[in-house]
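Going in written order, the chains are labelled A, B, C and D, and every chain counts its residues from 1.
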Amino acid sequence: MNKGRIKWGMLGGGQGAFIGIAHRIAAYMGERYELVGGAFDVDYDRGVAFAKALELDTDRVYASVEALIKEENKLPKSERMEVVSIVTPNFLHYPMAKSLLEGGFHVICEKPMTMTAAEAEELQELVQQTDRHFCLTHTYTGYPMVRQMKTMIADGEIGEIQRVDVQYYQGWINPFIHEKEKRKSVWRLDPAKSGVSCCMGDIGLHAFNLAEYTTGLQVDRLLSDLNYLYEDNNLDVDGTVLIRMGKAKGVIRSSQIATGEENNLTIQVYGKDGGLKWCQEHPTVLTLLKEGKPLQVFKPGNPYNAQLTMDSTKMAPGHPEGIFDAMGNIYKGMAKAIREEQAFEGEYPTVQDGVRGMQFIEKVVQSNRDGNVWINL
Amino acid sequence: MNKGRIKWGMLGGGQGAFIGIAHRIAAYMGERYELVGGAFDVDYDRGVAFAKALELDTDRVYASVEALIKEENKLPKSERMEVVSIVTPNFLHYPMAKSLLEGGFHVICEKPMTMTAAEAEELQELVQQTDRHFCLTHTYTGYPMVRQMKTMIADGEIGEIQRVDVQYYQGWINPFIHEKEKRKSVWRLDPAKSGVSCCMGDIGLHAFNLAEYTTGLQVDRLLSDLNYLYEDNNLDVDGTVLIRMGKAKGVIRSSQIATGEENNLTIQVYGKDGGLKWCQEHPTVLTLLKEGKPLQVFKPGNPYNAQLTMDSTKMAPGHPEGIFDAMGNIYKGMAKAIREEQAFEGEYPTVQDGVRGMQFIEKVVQSNRDGNVWINL
Amino acid sequence: MNKGRIKWGMLGGGQGAFIGIAHRIAAYMGERYELVGGAFDVDYDRGVAFAKALELDTDRVYASVEALIKEENKLPKSERMEVVSIVTPNFLHYPMAKSLLEGGFHVICEKPMTMTAAEAEELQELVQQTDRHFCLTHTYTGYPMVRQMKTMIADGEIGEIQRVDVQYYQGWINPFIHEKEKRKSVWRLDPAKSGVSCCMGDIGLHAFNLAEYTTGLQVDRLLSDLNYLYEDNNLDVDGTVLIRMGKAKGVIRSSQIATGEENNLTIQVYGKDGGLKWCQEHPTVLTLLKEGKPLQVFKPGNPYNAQLTMDSTKMAPGHPEGIFDAMGNIYKGMAKAIREEQAFEGEYPTVQDGVRGMQFIEKVVQSNRDGNVWINL
Amino acid sequence: MNKGRIKWGMLGGGQGAFIGIAHRIAAYMGERYELVGGAFDVDYDRGVAFAKALELDTDRVYASVEALIKEENKLPKSERMEVVSIVTPNFLHYPMAKSLLEGGFHVICEKPMTMTAAEAEELQELVQQTDRHFCLTHTYTGYPMVRQMKTMIADGEIGEIQRVDVQYYQGWINPFIHEKEKRKSVWRLDPAKSGVSCCMGDIGLHAFNLAEYTTGLQVDRLLSDLNYLYEDNNLDVDGTVLIRMGKAKGVIRSSQIATGEENNLTIQVYGKDGGLKWCQEHPTVLTLLKEGKPLQVFKPGNPYNAQLTMDSTKMAPGHPEGIFDAMGNIYKGMAKAIREEQAFEGEYPTVQDGVRGMQFIEKVVQSNRDGNVWINL
């Protein structure tokens, strides 16, 4: 096994790509990754220019994932890229991840993991076969107080769960959705690029993931009601999903036409012995509700938190960490896996989360198409 | 027509009844009602004692609604009770309201208005026939910022409505629900006293009413998913209802097992041109969301508010008014109606709201029983 | 001693007077007072018209406090007014209170109690001599969570106090202060009507009162820095006061030119073992801070509260009560005193609070005038 | 002038130093700095080990600032360190900064800049003489909404300023202050390491800096009241400072014994035409108050913000950035200065801010010692 900084590459994420910045900052934060190359841009020359700006070795800028795999594998093991992050458009996730795994690389992949559940299941099998690590960047699971919520629920703090309610509201599609011409400028509304769902595939998926991550339960049945707003619009922009998680009932609510909302992801979980609430736009606040007791507000960095929570914060209490820090925590978890160190349960999302997510998207669309009926997941 | 203070009576609301206190304070606030008598208690003597404590004329304490009607109608018109508030258990609302209307009295009635939709429709007809005023005390519609929300939506501030989301979460049934013996102590869990629904009939109803009140739209279809938690529990304690309001889609979420929640009624409405959010536990805050603009927070007492809002506040900005003041605003609206003064649209809920509400409850239970299917309302 | 409803009168508070409404609602709430008459208006005829609107006996409308005292004392004791509320402009508080006490009446008085500390001390002596009850309506001490804060501090929850910080910010004078002509329309800026101070006398006083009420400590030294904004403006509109309360140090901050603020009264008290924070604009929230523990949020109506707190709430948790309810709690405390029932410590502010307050105002003005120096209180 | 990544070194910040992590992450974020070496640790061998862990060239680990200057200056200009960050204990800031400036290096320095105002003034002169760039890491000025506040005030949004109020409350010294033995474990309470002040020098300084940064005004007079809590404690742990900023009056409140507070830095500024409020623990919220208008809440990433604000955010609205991002924004501003690019006014704090700050600390201590008197600044 290698030691020291993990040699790391990227697919996509070149000049002007916000998501590339997020991944690089996340990787830099823990000082455990070294960016050595990648295929940053569909335009090879632009990729080279980008690498120069970052002062990377331009020999390790590649025109394709295939070239990357071929050339990197020629390098001695100690210099070779060990893990590659895929931050390209959605439809490229699956083929790239497949090639990388088969080529012997660990993979960090943006969500949604694939375009279909079948592809996701294939990747899952491949991960097992190749014995590679696979990290899916469900960023919100990297927030300390989300991890605290997960831990407290696992520890029985709120008892058997009775109700789960997750909301993910944004408004950004509203300016585009009402005119057919304007819709064309939004790739997420194009099935060829986005898959079978827009709103549910993009953000409903996060809500679903957060529900399963924090509760430790699985959604086993669902009934969805999607809103396309216009008949000639091909993908959902809003929807509500009734869910069953074992004995618990709940609801996932998601919208991209909640006009004026920015990134309002909120989760409320209630059990026999208490409730827990968290909201992404104020991520340092976790509220615990108990019958007949004052509300309790948990905040990061305080030693009353679980070890995983403490390990997900870099500063003293009262110094807010944000979305980049959350992503950084996920990269940190993956680094531990790659270096075969002891990681915490749930320190980074895996290919299993990706399979669950893709199944969720497909079932949600199917339930709605079939007339808002229950479907097993 | 009479002048001066409105002669007012009560059915129920005697010693120790919290709801009676709420109605009396509401009536006192505007200095437009004078409590002259009533049938305060099933135990006549206790009712008399109660009247003495309030220094009322004990001649006008009655053993029954029938006695009240008979005796009051013997008095000269200028002294006679003009309006009677019904604050008894649910199953008495309908027969009492019926008798009062037929006896020539205006009626103020607690919700739910009746036990069945059929009874509600009968009352609606009777109100028309008798030309009496009927006020249903959906208290939350009395809050200034709820009225502001209604007015802003009616004025087109957020444009055509796209998504409606109302939550009403409480946790108070949790301590009782898990043991059959304990359940018996909760009358709301007894179909004989509560009707066909517990959670939806009690608080889901408020959420429904608020959705229709603020948007000015009607719920025309619904699909519900109720939670009884135990097979041997007869009434729902939690549920989610998918709704359609014309072209808008939405959801009503309600629970009495959201452990630790007190009275968390929250409404979010999003339209083409903006969104509006309000929460009952912080009732002085109304948030307006607009694409590409800072959030705006509206607060009571400020002249930028609509006239109905201004008329629903007694103090300068920054002096919080609460639930009693909201109820007082409804009593004030009803007083205007009784005295045939110009009232604002929506200044008090009417028998029509009661009919809508009872239909809602029945359809919600039916949809769930039939397997979570769509039903027209 | 009398029984039943307390016969109650008012000086001032006639047609259009907001403060009169607040006092009447407060009195009605507990159903312990009966308004029987008063001198409602400097214009006698307008006072009579007002009494008619309230359906009072116009024989008991008086042209002056002297007439009231003389005539009421002719009535049999069981019918006679027992207590009188003074809600006139500030300069009338002292002579009216004096006459009433000497005339044998209990007194409820708006703040500031007098125009000078000397007058206040005189009233204090008179209260003792006459053995009458005297209630000063420092409304904010009537909020349940303020009372909870007082009780928790008294119980040692936060240990010995180290720092006290009270803020009272409003912005309402800003539109008037910048032009000499406009200032004339504001009676609070006129020393003849307002006394030696505007901002400190009106609202700084509340902040001071809250500091002493909640901590149980007395301000024994102060150093003030007032802001008159313009040389030709006679009274302060803003200021900061350094305070000492025994070993604790602190600060009172008050402004009427904090543009855009409504009624932002906030108190923070920190002791060796914790801190407590409360804000008037969200009065149902009391936050307890403890080293190394999650924040705790106390809310009204929950049985974990102290008995005085519980007794200051009429509804179940989650049903917000507001400023009228706070005033109602003070009237309730005074009613207990008048009827010689067991009241809680601190259930209504007394003439002692008034003396403290008037001394505070005078010392604050003196400290500033003398060049921001320390003065004993 | 050099191009590409800025060659960057550190003094201090080795293994286990939190502040070192903050600076490195800040430098990594913008991808403009390359850490090439430094004197990371007083223990040279530990510094080397640390460098190895970061995979740095151990030839460029130095035993002292002198060695660093000497050796780096032997390197060709294109390889040589260009800027050095000083993150050592306070008393080393001045001598190190002096040597670095004289040695030809740009300097990034933690606050407080020096131990005395005289040292600070000397550095200021030296910066001019050497024509080097000097960045003082007052982190809070890097938050987007602080920058937005500064810009809005400069643009006249709230008019001429009337009142300034800054609070910085922490509770972390409380567990140590009450026992003499425990105090010894806190270096900030040791004058030899901390200088003339603990609380004011550490966090009151930030409050002062924020007041001047956001308003564009200077504190020209002050009167302070410090709290040492015990006679045998040498440095302040709490205090209040009355301030004058031209015609505006205000107050700085600071405490390290506000038990239970984490890092509660809050600023409120009120002008003739409005007010602005911001709180560090929820840094994405900036509230604008205007007479007679709804509150407005500004949030990062929205195009309605000023260009400097937009340039200080990396993500779309609703994705919270935190304290590391704020520090990153300051490093970004310094990078622009080093590379002689167009920077925004106020994009990083300079040696002038350091001089102001050191004068503030000295005057605050002097005012208190002289009996809480006014002192010019």
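In the analysis below, a contact is a pair of C-beta atoms (placed from the backbone, for glycine too) under 8 Å apart; a residue touches a chain by one contact, two chains touch by 3 or more.
Note that the coordinates shown come from a computational prediction; the quantities given were computed from them, not determined experimentally.
A.B. asks: So which chain is farthest from subunit B, going by the mean of the CA atoms in each chain?
C.D. replies: Farthest from subunit B by mean C-alpha position: D.
A.B. asks: Go through A-D and A-C and name the pair with more C-beta contacts between its chains.
C.D. replies: A-D
A.B. asks: Averaged over CA atoms, how far is the centre of subunit A from the centre of subunit C? Could you give it in whole Å?
C.D. replies: Whole-Å distance between the two chain centres: 55.
A.B. asks: List the centre-to-centre spacing of subunit C and subunit D in whole Å, with centres computed as mean CA coordinates.
C.D. replies: 43
A.B. asks: Could you tell me the distance, in whole angstrom, between the mean C-alpha positions of subunit A and subunit D?
C.D. replies: Taking the mean C-alpha position of each chain, the two centres sit 34 Å apart.
A.B. asks: List, in ascending order, every residue of subunit A touching at least 2 other chains.
C.D. replies: Residue numbers touching two or more other chains: 261, 288, 293, 295, 299.
A.B. asks: Please give the residue numbers of subunit A that touch subunit C in the complex, ascending.
C.D. replies: Touch residues, subunit A against subunit C: 288, 292-299, 302-304.
A.B. asks: Across the complex, what residues on subunit A touch subunit D?
C.D. replies: Spelled out, the residues of subunit A in touch with subunit D are 4-5, 18, 21-22, 24-25, 28-29, 31, 34, 53-55, 170, 172, 261-264, 280-284, 299, 301, 314-325.
A.B. asks: Where on subunit A is subunit B touching in the complex?
C.D. replies: Its residues touching subunit B are 158, 162-163, 165, 167, 169, 171, 174-175, 178, 223, 225, 227, 229, 238, 240, 242, 249-251, 253, 255, 257-261, 268, 270-275, 288-291, 293, 295, 372, 374.
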